[in-house]
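Letters A, B, C and D mark the chains in the order given here, with residues in each chain numbered from 1 onward.
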Amino acid sequence: MGDQYRDTGWFGVLFTTFIVFSILYNIARARRGKSLFIRRIAGLNAIDEAVGRATEMGKPVVMVPGLSDTTVNAKSMQAINIFAYVARVAARFATPILVCCYNSGIYAVSQEIIRDVYQEEGLADRYDVDSVRFISDRQFAFAAGVSGLILRERAAAAFFMGEFYAESLILAESANTVGAIQVASSTEITQTPFFIAACDYVLIGDEFYAASAYLTRQPVLVGSLIGQDWGKLTIALTVLLGVIGGTYAIHTQTDTSWDDKNELVIGLPHRAKPADGLLQRLLIPKPEADVKVERPQYSPDEIPKPDKGGGS
Amino acid sequence: MDYQLFKLTCGVVAILGLYTVLYRENKFYRFWEHVFLGLAAGYSMVFLWSETLKGGWWDKMVGTTAEHANGSGASMAYPFYAALLPIGLMGYTVFNKKYNWMSRVPIGIILGLYSGQQISAWQNRYVPNIVSSMKPVIPTTLEFTKPLTKGLSKEATAAINANLYPSQAITNIIFLVTLLSVLSYFLFSFDVKSKIIHRMSLNGRWLLMIGFGAIFGSTVMMRFTLLIDRMYFIWIEWFKQGILHR
Amino acid sequence: MLPIFADLDPHTIWNAPSGSIELVIKCMVALLLGAAFVGICFAIPSQLRRFIIFTATFVSGGFYILFYYFPAPIARQPLDQPRNVLEGFSFWLTDAQPIIATISNTIGSFLIGLGIYSLMRVHLRKLMKKQKDWGYSLVLFVSMLLMVTFGYWDYFDRFGKDGAAMAAGPAGGAWHFQQYANDILFDGFFQQMEAGMFSMVAFYILSAAYRAFRARSIEATILLATALVVMLSVMGAVVYQWDEGIKALAHNDPGSFLNNFKLDVIAAWLKDAVQTPSIRGIDFGVGIGLLAMGLRLWLNLDKTGGAV
Amino acid sequence: MASRSSIAELGNKLQSLPKPALYLILFLVASLPLIKPIPLPNSPDPASIDFYAHLMELPEGSKILICSDWTNSTRGESMGEMDALLRVLMRRKIKFAVYSIGDGQAPRVARETIARISREEGGGQPLYKPYEDYVVIGFFPNGEGQTAAVNTNVRAAFAGKTDISPTGQREVVQSPVFEGINSLADFKYLINVTASSTNTVILERIKKTNLMFAVSGVMVPENTVYYASGQLKGLLGGIKGVYDMETLMEYGVNNPGPHMVTSAAYGQIPGFPGKANTGKGTAYYPALHVCLSVLILAVITGNVGMFLSRKGR
């Protein structure tokens, strides 16, 4: 049934699978106890400093695990994993924390994970259920609520990590107004420049995903991080190979059809396009004409519901 | 005061109330902040049923009769959706110290469904990006820039378009260097001993700043537009058209 | 394959006609099954808890993984029956997909109440104990109750008998008090406040840019310069003037090399040659990070996920 | 000649203007140009021209699917985009279905916008009839799963959702809009008017039909990447995109005249001169210029201040 990979092409699936494999393989490798290296990530060393300052001032540490559009997703999970570390440091110093959640899924997960952190530290009595709060699941009501909290509680440190959109600057400037140390990171690249402008420390791009590995040094996370590096190297190598292939294609191959928007020219031989390179064609196959497959048919009284004709 | 003007006035008062926080946190802002949070929570509760559960769950579970569906044909009911109710409610055990683990079951299902999609999502999103990054780098002609094609025949235009000119090749090389430098900046597990890689990842940081600068520049456009829109609401829709009737 | 997911209208074991006794019975059975599962969870020994969570995550994620790797049926027409078992399975996967989407939609929706509960807890406590600022908690409650009351009142009106005659906006008529009240709350206050809050970002951008955009280091200078060029390039009037100047310099020759220094050409080049690849570079990393996180969640490899 | 210390003092002052003063200036300059808008010259982006041209190339009676994911919080940009899109669709008699995955409020906002444009285009009377010419399908909270379902089987994905028709509440898939729609490919385009990250959700999952996005200004850089790689057939970005559309509706493409919009990629494409083409783009664009100038001025002031205080030291 190989021809059924028509839409994506078998090579694209293979390529993706290789990346998946390199992540899983490195996780397995790290679990077997091989010690592995991670480079320094500047923003993360600031966590202890920020919590320490909050302790001195006796003001809370505010953490915002970002928006996630519907329910909880991998980005907010990663943010909560980082906050688990922050909460652990805060618990040891008995510094008050405030986790502001955007939706119920995040709320439930944070509630559980932060509670566990306090329990593991043997400080369950210090845990206040209301330190993890649901604010609102409307983006700007959330922004208004969180910035109100930051201003009123005069937070000494603020962590904004996860999926942030336009509210990033509202939160960051509110925290700046009360003089809080801010460590921020957005998985949305478009928000990073605003965090750079307004915050003290910013994690860029997938430093966010590297953070939990860097902080906790759990073998699984470190292994995964190395697998991710393999993936990035694979992409770089593929791009380079494709560059060679594409360059080769435009220099040597010819094509007879040329669809350049409206300028359709057929029959005259032309230089091939870069997309005609071997690797390019393997990753994104040329669309074929529609095929028909003969199959036995359902009788009309067995028609699946969605296909009754429209109109009245 | 007519209804439209009353409604506009409500909006203007609320907006100005929120704006007062720009000066400092105050009682007026606090009032409007809580109104806002209350309305948001109320609205979530309304659309919980009206926009999601009613059509997405209830109607599928109970089906429609011919009378209810206005002649468009009855549809069958799928009663087994009812089993989702107890499973969904398991989430509420989170407040119980003993059974809070159970809240992880519905969340586990959601996270599972989310994470299962990541592989295909990755391929759909990034493979076309990888392919379009494979830009040719050796020009096919020595003419530096692309000549104008206006007024030429289709064949001649196509032949010109098919060439790679040195100016484009240089752009493509810069593109590749940027891409690879940025990628190398985000390698975490390599002890950078090679000078070339070290240099590249430093370049990567500078090139990132160009990218961020460009993002900042184009984002500012939107942010200001939204402010202008509010000013339009206040000055034109409310003050000029509503109060002054111009 | 059992037609569990086929959504066929013919009467099967999985469905029932709307409004029938059969439907009620089947609903009860489904509810009982669900409740039984919850009951089992209450009684289960703690060693098995992790296993249950793992299974729930693994099976639901496994569906999409299977859906991705199993070849999709080609050129399927509405009335087609599968030719063989393998194809039957791929039809089944395709048919199941909307149902799976319904399941995750529904479970996600049931959780919404959790957040509201937390909100109420915090503010009810303030109210009951008359803590500092309890008045604001009262404001929150009142506005929430108003929104819920008029929101549902309006909703049921619209889906009731006279709903069809009711206009979407106030201009169309056939409105009662509850429609007006809902409109004021939602359109008059809520929507305008959202837009108002959003527009405040513009103020903050100004102060953040003023504070941070100083040519202190090479990095900061690069950031500043690019931002300026791009900002100028979205100002149509500036672009127009600049470009006219360039045209004059080039003696209106459209083939002149000088045309490459038009402001929008520079900005476009900057986007193509530097901005696009740098975003892409970050994006590749973020994408793989997300993929890895997804895989770890699916296989339940992370340790921080609660001490079960 | 001023002493060194007074230069440094001036420098420090310029570096620390009070925030409220900056805010007040911005408040004023954003308001003033609205009183009397001045039409500004414009040359539309190729991505906007693609967007317009593809809509104009559709045969009459085609159908498209709109995923509307904006609310009044981004009214300034998204409403302008939606207005322009709807005007072109209605003038070209193209039927459309609207659904949302980004926000629970979005369907309602979309419904009101469609009703308004329909009245404006029909000269007071609705030009497009609800349920007959367009349907609003509603909101789906699980965007990822729903979008995947839309790609696999569009009818099944929308089955069970109802909209208000002249004869009461009816299933959307029974509406004339869904006549002849058996697969997503039967919708000529899926257009996402969005102000949130639903663009990537759609991009990752929709394969059966062509995509065009109308996004907010902040999302332009990100989506330019996808436009460049051919994943998007057209792209409107921010208020510039709106102004581009309004310019294109007025003058078309490659139509000789004082305001000719030129594009090498297309032949002549007509505009709709004489109709109500101007909207938010024309109204807001001048004010945007003033605001950006203030920002640039503020940044320059800060830098001059820094320079002076260093010199004075």
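Couple of notes before you dig in:
Please note the rule applied: a contact is a pair of C-beta atoms (placed from the backbone, for glycine too) under 8 Å apart; a residue touches a chain by one contact, two chains touch by 3 or more.
It should be emphasised that the depicted structure is a prediction, and the values quoted were computed from it without experimental measurement.
Taking the definition of touch as given, a chain qualifies here only if it contacts chain C and chain D alike; those chains are A, B. Comparing chain C-alpha centroids with the centroid of the full set of protein C-alpha atoms picks out B as the closest. Ranking all chains by how far their C-alpha centres lie from the centre of chain D, first place goes to A. No other two chains have as many C-beta pairs in contact as B-C. Each chain gets one centre point, the mean of its Cα atoms, and the points for chain A and chain B are 13 Å apart. Distance between chain centres (mean CA atoms), chain B to chain C: 8 Å. Between chain A and chain D the centroid-to-centroid distance comes to 26 Å (mean Cα coordinates, whole Å). Counting partner chains per residue, chain A shows two or more touched chains at residues 7, 13, 19-20, 70-71, 74, 77, 104-105, 108, 112, 129, 135-141, 144, 166, 189-190, 193-194, 196-197, 204-206, 210, 225, 228, 232, 235, 304-308, 312. Multi-chain contact residues of chain B, defined as those touching 2 or more other chains: 18, 21-22, 30, 33, 36-37, 39-41, 43-44, 52, 56, 60, 64, 72-73, 75-76, 91, 94, 101, 104, 107, 110-111, 113-115, 117-120, 122, 125-126, 128-131, 133, 150, 176, 179-180, 183, 186, 208, 211-216, 218-221, 223-224, 226-227, 229-230.
Residue positions of chain C touching 2 or more other chains, listed in rising order: 7, 9, 68, 78, 95, 100, 104-105, 108-109, 111-116, 119, 187, 191-195, 197-203, 205, 207, 209, 211, 213, 223-224, 227-228, 231, 234, 271-272, 275-276, 279-280, 282-285, 288, 290-291, 293-295, 297, 305-306. A complete topology is adopted by the chain contact network, contact being made between every pair of chains. Interface residues of chain C, counted against chain D in their complex, comprise 7, 78, 94-95, 97-98, 100-101, 104-105, 108-109, 158-159, 163-164, 167-169, 172, 187, 191-192, 194-195, 197-199, 202-203, 205-207, 209-211, 213-216, 224, 228, 231-232, 234-240, 264, 271-272, 275-276, 279-280, 283. Looking at the complex, you find that chain A touches chain D at residues 7, 69-71, 139-140, 163, 165-166, 177, 188-190, 261-262, 304-312.
Residues 1-7, 13, 19-20, 23-24, 27, 70-71, 74-75, 77-78, 80-81, 84, 101, 103-105, 107-108, 112-113, 116, 119-120, 129-130, 132-141, 143-144, 166-167, 169-170, 172-173, 176, 187, 189, 193-194, 196-198, 204-206, 208-210, 212, 216, 218, 220-221, 224-225, 227-228, 231-232, 235, 290-293, 295-298, 301-307 of chain A are the ones that touch chain C when the two sit in their complex. Note for the complex: chain D touches chain B at residues 19-20, 23, 26-27, 30-31, 34-35, 73-77, 104-105, 107, 138-141, 144-145, 148, 159-162, 165, 167-171, 174, 200, 203-205, 207, 216-218, 220-221, 225-226, 228-231, 237-240, 264, 280, 283-284, 287-288, 291-292, 295. Residues of chain D that touch chain C in their complex: 17, 19, 22-23, 26-27, 30, 40-43, 71-76, 105, 108-109, 111-112, 115-116, 140-142, 145-146, 148-149, 152-153, 156-157, 159, 164-169, 182, 221-222, 224-225, 228, 238, 240, 243, 285, 288-289, 291-296, 298-299, 301-303, 306.
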